[in-house]
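Pasting the structures here.
The same subunit A turns up in both complexes below, where it pairs with subunit B and then with subunit C.
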Partner chain A sequence: MDKMKVLAEWSYTPTKIDKGYTRKTLYVNVGEPRMEIRDVTQDMIDKFTGGRGFDLKLLWDAVKDTTKWNDPENEIVLSGGPLCGITQYPGTGKCYAAFISPLSGQTYDSNSGGYWGPLTKFSGFDAIEIQGKSEKEIIIFINGDDGKIQILESNQPDINAYTITENLHEYFATSEADKRSISVVSAGKGAETSYFGCMNMSFYDPRRKVTRLKQAGRGGGGSIMRDKKIAAMVVKYSKMTGNENNVVDLDTLQKVGVKLHKEIHDLDDSQCKMRKIGTAHLNEIMDEYHLLPVNNYKFGQNSAEIAKIHSSEYEKLFTQGLPDGCWYGCSMACAKAVDGFTIQTGPCKGEKVTVDGPEYETVASLGSNVGVFDPLWTIEANFYADHYGVDTISLGTTLAFVCECFELGLINKTDTNDLELRFGNKKDIMELIHRMAVGTDEFAAIVAKGIRYIKKAFAEKYNSDAKTMEAIGMEGQGVETSEYVPKESIAQWGGYYLTLKGPQHDEAWLIFMDMVNKQLPTYEDKAEALHYFPNFRTWFSLVGLCKLPWNDVEPANNRIVNPPKEAAKVPEHVQNYVDIFNAVTGKAIKKEDLVTMSEKVYNFQRVFQVRMKQGNAFHNIPLRALGPVFADEWDARKDYYDGKLKEIGVEPAGLSTEAKIQKLQEYRLGMWEGLKTAVYKRRGWNKKGIPTVETLKRLGIDYPEVVAVVEKYSKPEDVIA
Partner chain B sequence: MITVNGDPLDWHPGMTVQDVLDAKSYTFRMIGVWVNDKPVPKGEFGTFVIPDSAVVQAIHMVSGG
Partner chain C sequence: MRWLKTYAEKCINCGKCMEVCSKTYFKEENPALSRVVITDPGAGRNISVCNQCGACMAVCPTEALYRDKNGVVQLDKSKCTSCLMCVGYCPTANMLYAATKQTEPFKCVACGLCAKVCPTQALVLVND
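On to the complex of A and B.
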């Protein structure tokens, strides 16, 4: 391959990591171009910990109140966190990205496995900020071996993820073994047209001899990369040792790690089977509990078709017996892959490829939610979503919405340029994915921008009924809902739609606790869960951990030694986190400190949203998320829903289905308001969902500029008594 | 009659934990069961006999995502 032209180059002396931190961040402006290495203050560590906390702090300082996603000052900030890169405990390779999202116009944070997070830290940086806009197609290269930062003029004819990633591992490696020293962040052509472009973060798989992709999928980070004309970012670090983080107490780290490795080894096959199927073990479980989204969340189950996408079907397709960890030392190894898959459509037709995934979310989004129960089709759609650089969840949820619009007659074949976008029409749905990736026509370009944009555009261009689209468009804060039917869990309304950034399941998944276990009977119980779990899970994002080893495996005695509510928190694993954090950093935190550490960042991010939305950072919920919208939805579970009416004192006999739906909607909208008030109160927010000054003071994040935002948009009458 | 997660369920003599799980279609693998506040080990689901009027909690642990 020809050598790439160096457009800018800077040398630096990589700082060694001490107790999990380099205490340096890298700033690169790709427009000017300019590079700076900045110090991390003790206050930044104390208040923001690392990872997503550092991302948000740096992003706050970089943007203006009016910054839009495609303004030059918007940044992509990437950070692992103090535990990122340790190899003794499973799930420690996570990298967190934050940016102003094209979908929501406020901050979004998204995480990925792969080697990018650890290798950039080993190269000397706790976080990396990318700002500005390049005029030329560029590749950013961080060379941690030689202490060099380069901006290269891209010579890559194909920027789609699998191709450019493979090429850049080849280009920057000096040998086959050296390919493991490299990680590439890429997007793809689809990220140029879409608002939900993803960032693919790579690692090299020496057994398969291919590059593998993990995704910071959600929120549109890939779209920002392409807007900045960044074809890829590359890091190289080849001097890795077993204690690169220079931890304080290696013995404890090893001891706690060995304990969890043994637990996974002994129990995974009888628990979640993550090593064999990854999160696709959930497919039939979600169907059984009416939680699998079918046809744009209309239904939660498809008894006739579920066998086709049963986890056992995916187990046959995933290559077994390979250690599929996406970072060294992860024995959970859930990064499953389909090898030797022959592509049937599009530009890669006929090629044999290795496809990463699909995980449960993709099985549902590019499967049941669009009415498709065909694993081979889903695998191909998964491949192209990653290759084109678009988020499989937003893509699938958007396509599901568009299919329902088509079936309702809100759009027609003239609008779609001859595509018959009915649920289950695999050929035409796949064709639309290809058209979206290149922006073939106006319709495809609209669809690529997500549900909130589509609702407005369809109403304006095709005269589609706005009220119906509002009811069935499954988005919150502009972001598409991930793949669980939330209708029957009030707590999950909050778990999705009272979140910082929109309906993504990484804050709180409370459906079982609430709907099945019935452990959260009151608004206050639900609010407590919507305080604890989002904050507890935020902690993973601050330190560089994957959430899965927390509760996708549990100690054999978890349900014996702990009462039911505590068991859900997996107390032994929580203690593991305290122990490994202290072992790495030398601090002496306790269990309860985890939530307080997170609360600082959680509330800071909420104020950040208020700032970017000029006080109007509202939490919206579509009617479809609250219950049935159409008669066939009600009738699919008629006895169940009639029973729900009786529970609230409404006699269903004699009422039309439409009237029943309206009664339940009215009641549930009232419940939504009740939930919202209870949650805001528990979180220390006012009626508009703005943290109070007292909350900021309690958490020590009462910086003048943060308080100023709160004071600007809060009124005395907004206080919750 | 017994209650399972607060809902009534018809009881019959010899009813085991597994019978309850089957009756409720609780197929999730990560499930813990408490009968009258006492945990039942997973290996005993098929043999543990539930007394009449028992309060059964069948707790689904969260996973995935």
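On to the complex of A and C.
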């Protein structure tokens, strides 16, 4: 391959990591171009810990109140956190990205496995900020071996993820073995037209001899990369040792890590089967509990078709017996691959490829939610979503919404440029995905911008009924809902729609606690869970960890020695986190401190949203998320929903289905308001969801500029008594 | 394949095997650093040592564990990331680690020094 032209180059002396931190961040402005290495202050560590905390602090300082996603000052900030890159405990290679999202117009944070987080830290940086807009197509290269930062003029003819990633591992490696020393962040052609472009972060799989992709999928980070004309970002670090983080207490770290390796070895086969099937083991479980989204969340189950996407069907397609961890030391190894898959459509038709995943979310989003129960189609859609650089969840949920609009007659074949977008029409749905990546089809370009944009565009352009779209468009804060039907769990309404950034599933998944195990009977119980779990799970994002090894395996005695509600927290694993954090950093935190550390960043991010939304950072919920919207939806579980009416003192006999739906909706909207107030109160926020000054003071984040935002938008009448 | 065959019933728990093993590889007489582990030095005595089954090789993410020409499972330290998954996945708990000495794990490489010093032939190096 021809050498790429160097547009800018800077040398630096990589700082060695000490106790998990380099205490340096890298700033690159791709427009000017300019590079700076900045110091991390002790206050930044004390208040923001690292990872997503550092991302948000740096982003806050970089943007204006009015910054839009495609303004040059918007940044992509990437950070691993103090535990990122240790190899002794499963799930420690996560990298967290933050930016102002094209979907929501406020901050979004998204995380990925792959080697980018650890290798950039080993190259000397706790966080990396990318700002500005380039005029030329560029590749940013961080060379941790030689202490060089380069902006290269891209010579890559194909920027789609699988191709460019493979090529750049080849380009920057000096040998086959050296390919492991490289990680590439890429997006793809779809990210150019889309608001939900993803960032693919790579690692090299030495057994398969291919590059593998993991995604910081959500929120549109890939769209920002493409807006900045960044074809890829590459890091190289080849001198890795077993203790790059220079931890304080390696002995404890090793002991705690080995304990969990043994636990996964002994229990995974009988618990979550993460090593064999990964998250696809959830398919039939979600179907059984009416939680699998079918046809735009209309239904939660499809008894006739579920056998076709049963995890055993996926298990047959996954290559077994290879360690699949997306960072060294992950014995949970949930990243599955389908090897030798022959592509049937699009620009890669006929090629044999290795496809990562699909995860449960993709099985549902690019499967049951668009009415498709065909693993081979889902794998192909998964491949193209990654390759084109779009988020499988937003893509699938958006397509599901568009299919329902089509079936309801809100749009027609003239509008879709001849696509018959019915649920289950695999050929035309796939064609729409390809058209999004080509970028010339007007309808596809609208669809690529997500549900909130579509609702407005369809109403204006095709005269589609706005009220219906508002009811069935499954977005919150502009972001598409991930793949669980939340209708019957009040706590999960909050888990999805009372979140910092929109309905993803990384804050709280409370459906079983609430709906199945009945452990959260009152608003206060739900509010407590919606305080604890989002904050506890935020902690992973501050230190560079994956959530899965926390509760996708449990100690054998977890549910014996702990009462049920405590068991849901997996106390022994929480203690593991305390132990490894202290072992790496030399600090002496206790269990309770995890939540307090998170609360600082959680509340800071909430104020950040209030700032970017000029006080109007509202939590919306679509009617479809609260219960049935149409008669066939009600009738699919008629006895169940009639029973729900009786529970609230409404006699269903004699009422039309439409009237029943309205009664239940009215009641549940009231419950939503009750839940919201209880949650805001527990979190120390006012009626508008703005943290109070007292909350900021309690957490030590009462910086003048943060307090100013709160004071600007808070009114005395909004205080919750 | 070269490996260390054990006869626990012959063991008199003199400790010479562990002594020579730890001294050879860590320059220190310390049973905690020996690749041969004698447990239950009462009636239920047990000699625990790697049988070269290779289960560790399958979980190593970097293929740092490999079988040499004699069939012995060896660790290439230059490839090892010190993740210790091999420790957690060893079916006989004979992949060992000691943070005070090195970040990487260690195991029996069937050198036979312990067999040589064993006064009762409780350890025998075999090729089969």
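We take it that the second predicted complex is superposed on the first by the 721 of 721 C-alpha atoms of A that agree within 3 Å, B and C clash if a C-alpha of one lies under 4 Å from a C-alpha of the other, contacts with A are read in each partner's own complex, and residues count from 1 in each chain.
To be clear about the criterion, a residue touches a chain if its C-beta (ideal position, glycine included) is under 8 Å from a C-beta of that chain, and two chains touch if they have at least 3 such contacts.
Computed from a predicted structure; not experimentally measured.
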Of the two partners subunit B and subunit C, more of subunit A gets touched by chain B
Quiz item: Of the two partner chains, subunit B (first) and subunit C (second), which one does A:257 touch, if any: first, second, both, or neither?
Solution: second
Practice item. Based on the superposed arrangement, let me know which partner A:238 touches: subunit B (first), subunit C (second), both, or neither? Key: neither
Between subunit B (first) and subunit C (second), which, if any, makes contact with A:677: first, second, both or neither? neither
Quiz item: Touching A:417 in the superposition: subunit B (first), subunit C (second), both, neither?
Solution: neither
A:516 contacts which: subunit B (first), subunit C (second), both, neither? first
Query = Can A:270 be said to touch subunit B (first), subunit C (second), both, or neither?
reply = first
- Task: Once the structures are superposed on A, label A:567 by its partner contacts, choosing first (subunit B), second (subunit C), both or neither.
- Result: first
Query: Should A:15 be classified as contacting the first partner (subunit B), the second (subunit C), both, or neither?
result: neither
Residue overlap on subunit A between the subunit B interface and the subunit C interface none
Listed in rising order, subunit B residues that touch subunit A in their complex are 5-7, 25-30, 32, 34, 37, 39, 41-42, 57-65
In their shared complex, subunit C is touched by residues of subunit A numbered 87-88, 177, 180, 206-207, 240-243, 250-251, 253-254, 257-258, 260-262, 264-265, 321, 323, 325, 328-329, 331
Contacts from subunit A onto subunit B in the complex sit at residues 270-272, 279, 281-282, 284-285, 288-289, 360-361, 505-506, 509-510, 512-513, 516-519, 521, 547, 551-552, 554, 558-560, 563-564, 567-568, 570
The residues of subunit C that touch subunit A in their complex are 58-63, 79-85, 87-89, 97, 99-100, 103-104
